[in-house]
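Each chain gets a letter, A, B, C and D, in the order it is written, and its residues are counted from 1.
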Amino acid sequence: MLPDATAIASLLERAGIVGAELSSEGGPGLVVRVERAQAGAVVQGLKDSDHAFVFLVDLFGIDTGEHVDIVYHLRSIARDEELFVKVAHEYGSDLASVWETHPAALMPERETAEMFGLTLSGHPNPKHLLLTSGSAPMLLKSVEIRTAEEVRNR
Amino acid sequence: MAIDRFTGENSILFIRSEQLFDWARRRSLWYMAFGIACCAIEGLMHASGPRFDFDRHGVFFRASPRQSDVMIVAGTVNHKMAETVKRLYDQMPEPKWVIAMGACASTGGPFREYPNVVMGVDKVVPVDVYIPGCPPRPESVQYAFLRLMDKIAENTEERLAARRDSDS
Amino acid sequence: MNVYLVALLRILAALGLMLLNGVVLIYMLRKVLGYLHVRLGPMELGPHGVFQTLADVLKLLTKEDPTPTHVDRALYFLAPGIVFVPSLMAYAAIPFTGTWVIADLELGLLYTFAIMSLLPLGLVAAGWASANKWSLIGGMRSVAQQVSYEVPLLMAALPPVMIAGSLNLTDIARAQSAVWFWLPCLPAFLLFIVAGLVEANQTPFDMSEAESELVAGFATEYASMKFGLLFLSEFSNTFIFSSLLVTLFLGGWQVPFVPVDALGGWAAVVFLIKVYLVIFVLMWIRGTLPRVRIDQLLAMGWKVLLPASIVWVMLTGAAVKLWPMVFGGVQ
Amino acid sequence: MSDARDTVAHAGWLTADKPSLPDEIPLTLKRVPSGVDEVMTEHLVVNMGPQHPSTHGVLRILVELDGEEVIACESVVGYLHRGIEKLAEHRRYSAVGTLMDRGDYVSGIHNEMAFALAAEKVADIGVPRRANWLRVLMGELNRIASHLVWYGTMGLDTGAMGQFLYAVRDREDLLDILEDVTGQRMMFNYVRPGGVLNDLTPRAEKKIRAFLSTFDAYLDEHHALLGGNEIFQARTRGIGVIDKETAIAFGLTGANLRASGVSFDVRRDRPYAAYDEMDFDIPVAESGDIYARYLVRIEEMRQAARICRQCIDGLPEGEHTAKVAKVLRPPAGEAYAAVESPRGELGVHLVSDGTDRPYRMRYRPPALFGLQAAEAITPGTFLADAVAIFGSVDVVLGEIDR
């Protein structure tokens, strides 16, 4: 369920995170947008706080056209709250692993990195997950699928 | 020469035995337990199940490619999988046949536009029977096996006929 | 008649019996499993699919026989033979009736066990030579389990021997004219079934070719008739184990309350019916039970079956000695 | 949460001093010193899959074995990657359902429902009450069908063949029903944004009632045959334990999470469709081993049958679908919708940019998280256990690879 925005804001402030934007308009829930360098600290801080966002529901990327948004979908089992943390990454930039905080991120991180052409740092096994090595980052909007013409002349 | 009727490639004995072996091959098609995707549920699991029971035709599954005659490609083949499919095909001993089950294995199906998907398994291994459908019902797979049996018989007859013609 | 000719005929009889038996058993397995699993099994080839196995064998004969690249060639070719020959030789001492036995050996039981203990050699050879990791694990497993269960199996076979006072299988069967040995030796009977299931590599102890773990175990890399030989010898082992069980515990060719002489040649039929009933039960088990884990299997062999069989042998020995003393030589 | 990290570090490929397993397996055996005694023992790196009887499709597991014991394991996925997320960006909203079906092919209704719910959230479409009830009914029938596959393959993984065929027998009846209502045996495309495709026919209703009248007795038989078997219990009790912390840390959901003692069920905690009107229990087990997962799934089947009975008895009158534009153009926005699929929380995160095609569709695969947990707890068990553990978390590769 939707957590209290002011509570989350004060919580982040206490953890020493500055510049976090909170919004719940037109989004899937309460979305916290933070700087790239702070992503790990935010996720760790949210987990250690008394809200206890211990459950990483999902980790994925969205290609917005200007940059890649990495979304951490967190859940607090104790309070039954859900939170989305969005972090903007430049194309081809570095995705810092949060697996030490959330081991569940191990495979989704690998997948996200290969699908959006990011490099993976701090990950114990930064290989491609789904595609063979050397494939294009498929989920970027700039990567085209086969045209009808190609399919017809298969 | 009269003796030719009993020795050599076109002797009665030889042709009869070839027809006999052909009969045995047709009637004992062991397929490889190798399901790739959705079609495996229909073509391998339900096919061996109580209602469809391919064992009636002597169609039975083996886990090892070395002991199987037919490979049912049941599902989408992508670039990562294609290598494995080819290797498994190579591991099967001759004579061997391939059934491309479903739209994905035949042409790439609903996923054909995705660059990682191989547009039909016939780009990797030669296919004998294609089954349309997504997924095909087990009955279709059964029919495919019956067609495959016909095809094997026809091939043998054609081969024998060609040999007779070239001889006379 | 020439003594060599007779010997040759007997060997041929054993070979024919084994092949025929294998073909029948494979058909039976498919039918029994089929009916257990609410389906029909082979139906199309001949009435109720009786020619199905014939087609399978012919097909296996005409398949290409590829030799994988990394195999140990000599051993790879020898292994099916090492498996096949002992299971063929073991037919020699099986008494189908009092007189119908290929070789009526004084030490028939010992001979059969000795021959059967050669089997794991072939299996591990097959596993090692195949250069396939699944085969290797399968071969190793088969050695581990057969070595652990050889002793309990022999121990479980001892009580009938002690009561009958002979190692000759015909004599042991004859000694059961009054009462079949499964009743006085019930624990040994059960131990023999369990240990025999392991030796014959049957579910729930089919460790060496556990399909869901090891693909096809030691036979993974074998194709065409080499695989056919491995397959046949597996069924023939089942047959040998079942006929040992029938001979040792279930009265051999005898029927209760019917004098042996009245049966004549039908005694062999009685024996075969008994054997096939035992095999049917084995197939029933095969179609129902899950498989145990290898360490559980070995632990059971060393910690439960072996002590239990030793204790039962001691008890039987005491009973055999004490019985004449107490009841004055009923034996 | 140091516990979870310890569990991960237990997996050999994660520890720093050990190189990760090679991508290509060498043909020769890897010779490593055993460390304990003078004898050099060989660790065997075996490659389970993609063609292996027990990998439920095309999962490939690299296993490093010391004898029979698993030292390390790593799962390699992607052999069924078909780009469902990418292709969804090029399909209209009404056509994405066909892709979703083929994702988790054992429980198509749930996949469609997740997408339909997300699309309805973005486009703000109301769903008639009858449609919601029909969704629940079909979803629960599909849940039984899916759990039956799991039950059968669990039997196969532990070496029992019969269970699988009995499960297929019951599944045939279910597929008949689903075919009657939806027109297909597997790829239904039944749940669409705004409602469902077809109404229930009287014939299908009769079939459902007939099925439900016998299913409980069959389920008891199934349970007695596999769960009551002592060999099966010896194989599963205390094996593959996923404790509460590990389960949460690895993002397990569904039956796997509930078997570890966490009572979370999307149907109850985030009610969708008509689940808030249904009366059902959520089975929870504490031990977290394979047997607990087995028991939870068996009980879930019983509860699913119970929900089906309520649905078929109390089906409200009305339309089976709302009036929805042929070409759906939802306003720009984002939505997350989750359903309780047989494998766990199946979520769809949908981003719309106002056109007739989704801008981005993220499919949360519950089995992927189950696979990670299985991979982490497998080291230290036996090879046969590894097969059972990977089977017990119910992996469906179509969903993991997408």
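Brief remarks on what is shown
We adopt the following convention: a contact is a pair of C-beta atoms (placed from the backbone, for glycine too) under 8 Å apart; a residue touches a chain by one contact, two chains touch by 3 or more.
These figures come from a predicted structure and were not determined experimentally.
Think of each touching pair as a link: the shortest run of links from chain A to chain C has 2 of them.
Work out the mean CA point of chain B and of chain D, and you get 32 Å between them. Annotation: 35 Å between the Cα-based centres of chain B and chain C. Our note on geometry: chain A versus chain B, Cα centroid distance of 46 Å, whole angstroms. Averaging C-alpha coordinates per chain places the centre of chain A 23 Å away from that of chain D.
Within chain C, residues 37-39, 211, 215 each touch two or more of the remaining chains. Among the residues of chain B, those touching two or more other chains are numbered 49-50, 63, 80, 113-116.
Touching two or more other chains at once are residues 131-132, 138, 145 of chain A.
If touching chains are joined by edges, the resulting network of the protein chains shown has some other shape, matching none of path, cycle, star or complete graph.
Checking each pair of chains for touch leaves A-B, A-D, B-C, B-D, C-D.
The residues of chain D lying in touch with chain B in their complex are 50-53, 57-58, 78-84, 86-87, 90, 98-99, 102, 105-106, 149, 152, 164-165, 168-169, 171-172, 175, 185-187, 397-398.
Remark: chain C residues 33, 36-39, 70, 131, 133-134, 136-137, 141, 203-204, 206, 210-213, 215, 286-296 touch chain D in the complex. Against chain A, the residues of chain D that register as touching in their complex are 1, 4-5, 7-8, 13-14, 20, 23, 74, 77-78, 81, 83, 85-87, 90, 248-251, 262, 264, 269, 332-336, 345, 347, 349, 351, 359-360, 362, 364, 368-369, 371-372, 376, 401-402.
Of all residues in chain B, those touching chain D in their complex are 32-38, 40-42, 45-46, 48-51, 63, 65, 75-76, 78, 80-81, 84, 88, 110-111, 113-117, 134-135, 137.
Every residue of chain B that touches chain C in the complex is listed here, in rising order: 20-21, 23-25, 27-28, 49-50, 53, 55-58, 60, 62-64, 66-67, 69, 91, 93-95.
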